[in-house]
Amino acid sequence: MAFSLIPKEMKFFDLFDQQATNAVETAALFKKLVQSGNFDEEGVQKIRDLEHEGDTVTHEIIDTLNRTFVTPFDREDIHALACELDDITDMIQAISTRMKLYKLTEPNHELMQFAEIIEQSARAVAKAVGGLREIKRPRRILDYCIEVNRLENVGDQLRESAITKLFDEVKDPLLVIKWKEVYEVAETTLDKCEDVANIVEGILVKQG
Amino acid sequence: MAFSLIPKEMKFFDLFDQQATNAVETAALFKKLVQSGNFDEEGVQKIRDLEHEGDTVTHEIIDTLNRTFVTPFDREDIHALACELDDITDMIQAISTRMKLYKLTEPNHELMQFAEIIEQSARAVAKAVGGLREIKRPRRILDYCIEVNRLENVGDQLRESAITKLFDEVKDPLLVIKWKEVYEVAETTLDKCEDVANIVEGILVKQG
Amino acid sequence: MAFSLIPKEMKFFDLFDQQATNAVETAALFKKLVQSGNFDEEGVQKIRDLEHEGDTVTHEIIDTLNRTFVTPFDREDIHALACELDDITDMIQAISTRMKLYKLTEPNHELMQFAEIIEQSARAVAKAVGGLREIKRPRRILDYCIEVNRLENVGDQLRESAITKLFDEVKDPLLVIKWKEVYEVAETTLDKCEDVANIVEGILVKQG
């Protein structure tokens, strides 16, 4: 029987990094699709593939958790972090599927802004999660968490102005239904990023 | 003072079976109502009664959990399993109430398919949950979980095609609002079945 | 080094009281705004301020929890209670923001009833939560929990009749979309109150 040279605890950090990187890649591809205004089957399928990769890593984290006795931080936090990171990618995939389903092809200024903020937030989330390896330097990690919280507030205001504009300018109720849902899922994506930041902050407090 | 001949641990399996059987009965009655196209007060009331029975069993599980020291598997898993099983019945009741409220009486092909898949999924859930008594034979339990996951994917695609058809064919926005919500709750019902399957899989992994 | 004269455990009760009082104040202000039919920037800002105060107390509870070894009841219950109490205020703020955003200025009979029930429920929640200090007298606490459950049922029926009336009487689909969402968030507010009552009941059972 051979022993792994990498302590099992380290494996969690690698897997969280994979999840976070996956969320960043999904957010970057989503921004490209929004800019092109073209949610065709090929683009949406690529997002779906990334979402499936995310699922695989999430399952690996939960499996590892169930088989590991000593963990780098609380089991509940590891479980919650894995699920919430996964949710970021899920939400981006949900927006993409709706864009295709609803045949929303015209360029949309508000969604471009959302895509930009989502990508920024995913990058800050990835930095915060990556920082958990060096928990002795919490200052930088906290700065990324604060940035994620700030972006969630920006997203909140963006949703408000987008919905106000929608009801003011669009007269076709079916189009209102479609875009309202897209904006709401976009805002929920930023909520999920904030959930991750809150879990990271909680982990820091406990170790502090 | 008399001692019960049934170990307390066994009681959980009986209660989970009751919950799962209740979900299957609710799903079967729901399918009948969809086929008849008649969500009248009598039918919806029967669904509501089943939902209340489900609530009672859920409370009994949580009470038993709070009074029991040794449990057949992790306390959090027992709690989560009870809540998610309860949610299946809740969701079916939610669809039924909306059908009546929205006066949706014409037969609907997509909802019939959803009702069929929901019943199949509830039956697979019941088999998976029932299998927890004989956790030493995990292979069969896992097969039921995989079936529940497969049906959730089928439901996802059904929702997509149902919503595409809805926006393509129905021009009355109020009718679109109503059916869109019904399809979404139907799909959420299958998500809840999948949540149960995931919890069961997690229990197997820990005992494995 | 000085020791605090108030045991740390007591601090939780003070913080829960603050959260519950905050929810009651938010509900009372919301009722006033509904009665005046005037969700202007000033009124909505006051609600938002109360919501931010609520957030601060919630964070303080979670911080205290993470730094405290001995807690008056289960850590998970303290965490869940803090989050769900916070959600009550969040939901009332969500309705208020939508009222302003959707420019819903005409007086609405159903929303007045919701506001009344929400305030009653928040008051019962505050009594139940306050009762946790004297857990040896569970009878009174349970009565408040039962009252919260009763009000949730009243809210359920109110939502049903409000939605029926909405689809029957309002022909503008955009107006239907707006009011439907407002009624749903109002009903969710009462669900959150019920969640708190259920957590309180769970705490009583465990200590019983």
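All chains are identified by letter, namely A, B and C, in their written order; residue positions are counted from 1 within each chain.
Definition applied: a residue touches a chain if its C-beta (ideal position, glycine included) is under 8 Å from a C-beta of that chain, and two chains touch if they have at least 3 such contacts.
Here the structure is a predicted model, which means the values were calculated and not measured.
Visitor: Which chains make contact with chain B and with chain C at once?
Guide: A chain counts here if it touches both chain B and chain C, which gives A.
Visitor: Between 0 and 180 degrees and rounded to the nearest 5, what angle rotates chain A's CA atoms onto those of chain C?
Guide: It works out to 120 degrees.
Visitor: In terms of residue numbering, is the interface formed by chain A and chain B classified as same (over half shared) or different (under half shared)?
Guide: different
Visitor: Approximately how many whole Å separate the CA-defined centres of chain A and chain B?
Guide: Computed from C-alpha means, the inter-chain centre distance equals 28 Å.
Visitor: Counting only residues that touch at least 2 other chains, which ones in chain A make the list?
Guide: 173, 177
Visitor: Applying the document's contact rule, which stretches of chain A touch chain B when the two form their complex?
Guide: Against chain B, the touching part of chain A is residues 62-63, 66-67, 97, 101-102, 173-174, 177-178.
Visitor: Would you tell me which residues of chain C are touching chain B in their complex?
Guide: Answer in residue numbers: 160, 163-164, 167, 173, 176-177, 180, 202, 205-206.
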